[in-house]
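Below is one structure; the comments refer to it alone.
Labels A, B, C, D, E and F are assigned to the chains in the order they are written; within every chain, residues are numbered from 1.
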Amino acid sequence: MLHTVNKSPFESSSLKTCLSLARGDADVLLIEDGVYGALSGSAHTSLVAEALGDVRVYALEPDLKARGLSRDRLIPGIEVVGYDGFVELACANDKIQNWL
Amino acid sequence: MLHTVNKSPFESSSLKTCLSLARGDADVLLIEDGVYGALSGSAHTSLVAEALGDVRVYALEPDLKARGLSRDRLIPGIEVVGYDGFVELACANDKIQNWL
Amino acid sequence: MVSEGPYTHQASDSAYQFIRAALAAGHEIFRIFFYHDGVNNGTRLTTPPQDDRHIVNRWSELATEHDLDLVLCVAAAQRRGIVDPDEAKRNGKDGDNIAPGFRISGLGQLIEAGIESDRLLVFGD
Amino acid sequence: MVSEGPYTHQASDSAYQFIRAALAAGHEIFRIFFYHDGVNNGTRLTTPPQDDRHIVNRWSELATEHDLDLVLCVAAAQRRGIVDPDEAKRNGKDGDNIAPGFRISGLGQLIEAGIESDRLLVFGD
Amino acid sequence: MSRAKKFMYINRHAPCGTVYAVEGLEVVLIGAAFEQDVCMAFIGDGVFQLQQDQDTADTGMKNFSPAYRALGDYEVNRLYVERESLQERGLTEEDLMPLTWEDEDEDWAEKSSIYIVDQAQLSDLMDEQDIILNF
Amino acid sequence: MSRAKKFMYINRHAPCGTVYAVEGLEVVLIGAAFEQDVCMAFIGDGVFQLQQDQDTADTGMKNFSPAYRALGDYEVNRLYVERESLQERGLTEEDLMPLTWEDEDEDWAEKSSIYIVDQAQLSDLMDEQDIILNF
């Protein structure tokens, strides 16, 4: 299953809820303000870093760049994809849960 | 100063931010989904209960009733007011900060 | 200031109830300024379900009754497709959709309201 | 499904970019259903700043180019004042504001899209 | 269309403050006509949608909470409520509206539609679905 | 109007994801013409508005972040950034755009407009205002 999260973890519980319900074979894609969840050195870094042992986490590059977040600021293990990669993830998973 | 909070503390950081910046002489009014911050026995009860030693906290009765929250469910010390009480609070304070 | 559209968020309802209570207590409302999605409060094309309140008409009626100044921010309105006859002409639109009692003007009207009023409240998301 | 209005939330932009990428990869888009404030994507009365993207026109152009089915939910559109000529007539409105390439229909169109499509994505707030 | 698809509607917003709860419910009620396999989940502030005794009169807003009682008649009779979300909010099942349905196969016996499930059970349920919609 | 009022614009939303940051900035720039006493505060995700090197090209959205550099020219030269919000997000002052203004009284010397303040200082500043607007 593909999960998308589009809210900042600092202002919304979406990321936390998503990670509490995502299973081991899940892909989690951070888009829009959700990409702030990919930041290393933040109060939510450990939540995401721990989940990385379990699920795969991706962040959308256009949304990272729009917010001035360079790749070296991200939690190691997070993969960066473009809109084409987003489409591939949507195809590779049999269903999609968009956490809004 | 009058502060209003209109977001659920379970889904937004507004209440926490408000209470971290409100000073001793402040009035804090919970409206709309903000009234969930008045619930006793919840994960955010202690945050509000501690603030009650410092600031005055009010909850808007029409919004409590709309959500099915009766007065006996509220944290002791929270005052319940109507729209008329909201207007009075806006007059009694020299300025208003609406946390949105 | 009202910052959210009708129905989508309770902000329009809270603002309306607060203003009614303030008027009932004898206070003067200098202006109601609609910003962000709040400009969607000012379209006459809405048709809510018959058993629900009609938020737009409710504003228009309140404005008539109490001679209120309902102002939609022009920049916010342009982004969201709320136009009066002047705006329609200026931007080459074939029609307008502003509701009775509302007018479109600039952000300066918000700042002016802040300067001239004793209190400024914001209802939004 | 697109759930938020243009400009107010990035959802309309994300949906547009995703759909372009999906079309570029050879996928078929069965339908784009606009719900909640998403119906505000379908008004032809918007005039965004000249140096900004025109979200509504962008949808209309994409629909023409790729023969896409852009559906605005009727219940959501009635609450928010988006009407086509039929709706205007039925509800006694003096005009309509729907943009080219969009049509208004019921929520069943969303369920049907869920049943007929391989994947359903939601862009919203 | 080979078989009925499994639809899950996840509700995560409180009622009243925003339109998502009521417009989400409209989708479920319309969708029920399509004879798919439908269930609902209530997570986070969504559990507040089922709170008893909602009375919107003094806000001037429409009270749509009675419409949840109609779900049983539309054969939407599996409403999963996340236990952890209830606990975080200090709620118990007794705070929720008693929603029921009548089982045709058991001489129209009245049964509860509400199931309190924990996160692990909810994960399993989500995994079984074909379509998940979030309101 | 007896004297200039003190306006504080509090920014609490991240840029790009929603329109509040850009429409809030429009209010500040328009408001600057009214010769009031104006300052801005950045709290919570609002601190992300000042992040360097924002580039929206690949999203198709307009990049409004350069407009913050114009604030100094409009004599909006007190931008208070909450220290606790930066720390929670793993940011330091070096991550922010270097916003400056030229001081007419000191031979147009270039000075920083950004002040990192803690919660107690911010509380004091809020207390001094006449009007507080939140975006």
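Quick note on the criterion: contacts are C-beta pairs under 8 Å (C-beta built on N, C-alpha and C of every residue); 3 or more make two chains touch, one makes a residue touch a chain.
Worth saying up front: this structure is predicted, and the values here are computed from it rather than measured.
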(request) Give the chains in contact with both subunit B and subunit F, ordered by label. (result) A, C
(request) Could you find the chain whose CA centre sits the greatest distance from that of subunit A? (result) C
(request) Could you quickly compare B-E and D-E and let me know which has more C-beta contacts? (result) B-E
(message) Let me spell it out: compute each chain's centre from its C-alpha atoms, then which one is farthest from subunit B's centre?
(response) D
(message) Distance between subunit E and subunit F based on Cα centroids, please, to the nearest Å.
(response) 43
(message) Need the CA-centroid distance for the pair subunit C / subunit F, whole Å please.
(response) 27
(request) With chain centres taken as the means of their Cα atoms, state the distance from subunit D to subunit F in Å. (result) 34
(message) Based only on mean CA positions, could you tell me how far subunit A sits from subunit B in angstrom?
(response) 33
(message) Two or more other chains touching the same residue: where does that happen in subunit B?
(response) 6, 10-11, 13, 32-33, 62-63, 82, 95-96, 98, 100
(message) Which positions in subunit C are in touch with at least two other chains?
(response) 7-8, 10, 14, 17, 36, 49, 75, 79, 120, 122, 124-125
(request) Pull out every residue in subunit F that's touching 2 or more other chains. (result) 16-19, 44, 59, 61, 131, 134
(request) Please give all chain pairs that are in touch with each other. (result) A-B, A-D, A-E, A-F, B-C, B-E, B-F, C-D, C-E, C-F, D-E, D-F
(message) If we count contacts the way the header does, which residues on subunit D are in touch with subunit F in the complex?
(response) 7-10, 13-14, 16-17, 49, 51-53, 125
(request) Enumerate the contact residues on subunit F facing subunit C in the complex. (result) 1, 5, 7, 19-20, 23, 26-27, 30-31, 33-34, 36, 131, 133-134
(message) Quick check: in the complex, which residue numbers of subunit A touch subunit B?
(response) 10-13
(message) Under the definition above, what is the set of subunit A residues touching subunit F in their complex?
(response) 6-8, 10-11, 32-33, 36, 39-43, 45, 61-63, 65-70, 82
(message) Please output the residues of subunit F touching subunit D within their complex, sorted ascending.
(response) 16-19, 59-62
